[in-house]
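The first chain written gets the first letter, and so on, giving A, B, C, D, E, F, G, H, I and J; residue counts start at 1 in each chain.
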Amino acid sequence: MRVDCRPMSTKPSRTLETFPNPRPGRAYTIEFDCPEFTCVCPMTGQPDFATIRISYVPARKCVELKSLKLYLWSYRAEGAFHEDVTNRILDDLVAALKPRQARVVGDFAVRGGIHTVVTANHPDPAKKPRKR
Amino acid sequence: MRVDCRPMSTKPSRTLETFPNPRPGRAYTIEFDCPEFTCVCPMTGQPDFATIRISYVPARKCVELKSLKLYLWSYRAEGAFHEDVTNRILDDLVAALKPRQARVVGDFAVRGGIHTVVTANHPDPAKKPRKR
Amino acid sequence: MRVDCRPMSTKPSRTLETFPNPRPGRAYTIEFDCPEFTCVCPMTGQPDFATIRISYVPARKCVELKSLKLYLWSYRAEGAFHEDVTNRILDDLVAALKPRQARVVGDFAVRGGIHTVVTANHPDPAKKPRKR
Amino acid sequence: MRVDCRPMSTKPSRTLETFPNPRPGRAYTIEFDCPEFTCVCPMTGQPDFATIRISYVPARKCVELKSLKLYLWSYRAEGAFHEDVTNRILDDLVAALKPRQARVVGDFAVRGGIHTVVTANHPDPAKKPRKR
Amino acid sequence: MRVDCRPMSTKPSRTLETFPNPRPGRAYTIEFDCPEFTCVCPMTGQPDFATIRISYVPARKCVELKSLKLYLWSYRAEGAFHEDVTNRILDDLVAALKPRQARVVGDFAVRGGIHTVVTANHPDPAKKPRKR
Amino acid sequence: MRVDCRPMSTKPSRTLETFPNPRPGRAYTIEFDCPEFTCVCPMTGQPDFATIRISYVPARKCVELKSLKLYLWSYRAEGAFHEDVTNRILDDLVAALKPRQARVVGDFAVRGGIHTVVTANHPDPAKKPRKR
Amino acid sequence: MRVDCRPMSTKPSRTLETFPNPRPGRAYTIEFDCPEFTCVCPMTGQPDFATIRISYVPARKCVELKSLKLYLWSYRAEGAFHEDVTNRILDDLVAALKPRQARVVGDFAVRGGIHTVVTANHPDPAKKPRKR
Amino acid sequence: MRVDCRPMSTKPSRTLETFPNPRPGRAYTIEFDCPEFTCVCPMTGQPDFATIRISYVPARKCVELKSLKLYLWSYRAEGAFHEDVTNRILDDLVAALKPRQARVVGDFAVRGGIHTVVTANHPDPAKKPRKR
Amino acid sequence: MRVDCRPMSTKPSRTLETFPNPRPGRAYTIEFDCPEFTCVCPMTGQPDFATIRISYVPARKCVELKSLKLYLWSYRAEGAFHEDVTNRILDDLVAALKPRQARVVGDFAVRGGIHTVVTANHPDPAKKPRKR
Amino acid sequence: MRVDCRPMSTKPSRTLETFPNPRPGRAYTIEFDCPEFTCVCPMTGQPDFATIRISYVPARKCVELKSLKLYLWSYRAEGAFHEDVTNRILDDLVAALKPRQARVVGDFAVRGGIHTVVTANHPDPAKKPRKR
């Protein structure tokens, strides 16, 4: 069941809910651009801000949009390093969706005059080079 | 016969009309950018908005511009999930045109702070990898 | 009472709900950019698309965001000329809010190779020239 | 009667058709951006291209969108200098609409490495300074 | 060991600290653009995101940049309506700085397909019209 | 006397004049961006507007810039469908230049809310896949 | 034979030719954007590059576009300081056209990491403040 | 041997050299955009970066471009608060040039997620309101 | 008291500190965009400015963000040619991180009207062609 | 006295001076963007303007930036067709540097409503297809 338009009077949650892929026979791509991501620096407790960009090729399951929103919200009070949190979101998506392919980009606000972007792919391009 | 400039005092229609490809011997590309797409969320009945981007390499038939407009209009009152409607438009184009290649991109307006883009290709890149 | 974040499982409505201005003593400005507006051409029944931009200086009442959304949705099936609909939205806002000032801009998609923008102000600048 | 959505199987015409202003009591603004303008250089017969931008504050009449399109089309085969054609379009609009105010901008494609923009206002700002 | 966020190991605070204006004799302007603002919807507890833009003409005091950062951080867990929070930030700045002039703009992320911007000025332009 | 358009007192022409390639031994690329293209809808006689983008790798001949301009001008009074005219320009360039490679892109102004781009390549990529 | 530059086989000239203003009774504006300006540094003989932007309100005469091009060309071999050349072009335009108003902007390429823009108006705004 | 930086083998200097205004009789404007400014935070010794934008209406003297470059360079090793350094540059320009008007804008790189812009004018707009 | 720059009261340093890669098993990418880079021309002692862009695929170590900032700061007083400094930063990153891949781009401000960008990769693409 | 242009009191020169590549063992890329290029039309003597973009992978020699500037300056008085001059600059760079790879792009200002870009590579891609 798909409920991404329903009322959102809910709580942050680390669970990614899914619905059956409506075209499991075709390798197509779904991209999400999520500019409203914030977490906390594990060293100092200060807020960090990022845009999270997700793209994946679904296999049997798709992630529900509302559930994705609640999942990203769940980092609001959590300590998270840039490199780690980007990989963790990818791991969680892969665990929940078992997609054909997935990519997570964490595009973090400037700190110390430096803008940081972390990009992680599944399957690991070093292990299984993508054919083009 | 090609009539895309004729008066448009017509009705929305799910039928995609075609005309004979004027250069069937050459593999060339036709792209349409259609920012005026709206459908309805199947869960809530609320309106959704998207830009639909289509590109295809015609074989024997081309889609008529006016007919494409009426086809997209036909979703105005119809419930449609993002992932499904993008694939459905591709299926309908493939059925009507039997093109050498086709791609449909559904670029949907922000919901819950998240911007969604769905991209589907024919033939399925997982089944028949495109040569470059 | 202000409910703009509550679930939106509602219907289009021509009523603009309001809430008390939290700073009635200060002349400040509220702007809304609403790119998801569609109505119908009264001559042909074909869809029109626009971005509606609203700005107003509240007096005793503010318009509720969810109510504004439902109000704009209510034009989805209604015939409306560009010049008329822009003025009608302004009239409805003025009737509901009795604001110190208000402006409505209707920025309509290209028709016949021409892009149209209609801008209406309250109070009428010809009757009561704004001091600067 | 307003017919700007009707079929356009018509001819270029120097006549600007009008319809009654739906809000004659309010001084509001209508803007048109017309990038599809072409005329002919009177000296050489070669094509010139321009974007014509029109804005006016209607009094009792508004210009019909289709009629404006046919009017601009009527310059396609006509010799016209940049400075002159911009003023002529303003004169024709003023004659047809008797607007409270009007402005025509002719933004012409580069010739000889120089980009030319001509802007004419009614009423003449030198004769009757606009109050702001 | 990773320490790139460590230096500012301070807490959110509602107190705006100040330092003496280095040029109290000249009416000059200081602007801050703060894209990292988040608060909570008072109705639903869900996060809201905004860019806060501040500009002021200092009198005897200037606001300290780090203190401003901690002040904005203090809204992270607080319920705040768009119209109210923008005015509240202005009130707090005016109370702390007693500036010659101040403006706060709250530019809030899209909700329900609508982008909201609230702008408040001190002194109130309706009470004391700015000379230009 | 006004003479700024006078020098090119020539006529539209369907003939593409050429000059010898100054570096026939090197495979280099020449691109033209021609935003001043207009033709006529074959069904209605109404004007269409496009930007024509050409790129080619010359063999023994290059196309003369003025001749290209007169060639594009020759479509001004001619009925031409989007898909057909783009392929026809490619055919004419290939016939006149016998280039190593050539591409023509017809980027047509919005009609019915839809923006159309047609892209044709020589040699046909389906017949002779380009090496990269 | 290659002739695309041939028609304007004229010489640089310091004379600005004019033609009678086609609407001497109306105060309208003509703007030219001329990105192809180059002169020589009087100290070193090295080339300088600028965009010259001209706008004027004609009285009885307009400047001819080709003549303006030849005039700007005449600086190609001439030593000219940024501040001086901008004022000199204004002086020459004022002498040739006796316009109601004129403005010349010289927007010079970066030298020493600094980008310079010089703007001069006629009549002198310090002597005769423009009414608005 | 590499000499591309060699010619300006001079030193940073706090002296602003001038040359006589070539048009002292006209109130025209000179603007400089200087993105290569760096100073040092007085509290921590860490580097700060800014774009300095200067505009002035010269009276009898103009500032020499090379001298301005050396002047801005002189802040490279100097501690400077944002608000103070912007005013100091204005003071130095006013002292050296005695201009009719001058403005300095300091547009400083993001610190703590906040972007700061300081703008100072001479004469002080609070003391002597500019006529427009 | 003003303390907004204080926390990072450290010194420039040529040492790049590292922390263990949180996902050593996955080939993911980290990118840094560092617009606050300045060094000194070795011939003249004059300042140069650049944006340094770094991307790398970590193996066992990641570079610490604060340490990277102090490292880039260490060039502030050092003479460095464009081509050399870009390669030197790459060498230092490779020595400190032993990454799977790394790239450094030095994007230098305009000198003599010419903008220079230097790009260096590890491993050397000429020695070990990247698989795609 | 005004000296801001003085230091580079050199002459245009067709000789490209070089310096030893500081990292001859690595295949890295150097790009120059040169918007200040002007030559003369060989048919008419009229000025042409272009941006020249150069990129190369050095072998044993790098081109000196000042020398490149003087080299480009040397075309100021020289007749040069678009296609020819782009190839000539590439030939001269290849002769002087014997680079691993080189590319020259000539991006020429609009003539006759057409914008021309010429791109030439060394080694010739038709002779020696680049591996990717």
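Rule of thumb we're sticking to: contacts are C-beta pairs under 8 Å (C-beta built on N, C-alpha and C of every residue); 3 or more make two chains touch, one makes a residue touch a chain.
None of the values given here were measured: they were computed from a predicted structure.
Asks: Do chain C and chain D, two copies of one chain sequence, contact each other through the same residue numbers, with over half in common, or through different ones?
Replies: Under half shared, hence different.
Asks: Matching over half of the contact pairs by residue number, can you pick out the copy of the B-F interface from B-E, D-J or C-D?
Replies: Selected from B-E, D-J or C-D as the counterpart of B-F: C-D.
Asks: Specify the angle of rotation obtained when superposing chain E on chain G by their C-alpha atoms, rounded to a multiple of 5 degrees.
Replies: Between chain E and chain G, the superposition angle is 145 degrees.
Asks: For chain G and chain J, what's the span in angstrom between their mean Cα positions?
Replies: Centre-to-centre distance between chain G and chain J: 30 Å.
Asks: So, what's the distance in Å between the C-alpha centres of chain I and chain F?
Replies: 45
Asks: Taking each chain's centre as its mean C-alpha position, how far apart are chain E and chain F in Å?
Replies: A distance of 55 Å separates the two centres.
Asks: Out of chain H, which residues touch more than one other chain, so two or more?
Replies: 2-4, 6-9, 35-36, 49, 65-66, 69, 81, 109, 111-113, 132, in rising order.
Asks: Given the complex with chain F, which residues does chain J contribute to the contact?
Replies: Within the complex, chain J touches chain F at residues 81-84, 86-87, 111-121, 124-127, 129-130, 132.
Asks: Along chain A, where are the residues that touch chain H in the complex?
Replies: Listed in rising order, the residues of chain A that touch chain H are 49, 109-110, 113.
Asks: Along chain G, where are the residues that touch chain J in the complex?
Replies: On the chain G side, the touching residues are 2-9, 35-36, 38, 41-49, 73, 76, 81, 109, 111-112.
Asks: Which positions of chain A touch chain B when the two form their complex?
Replies: Checking each residue of chain A against chain B gives 2-6, 8, 21-23, 25-36, 57-58, 62, 65-66, 68-69, 100, 131-132.
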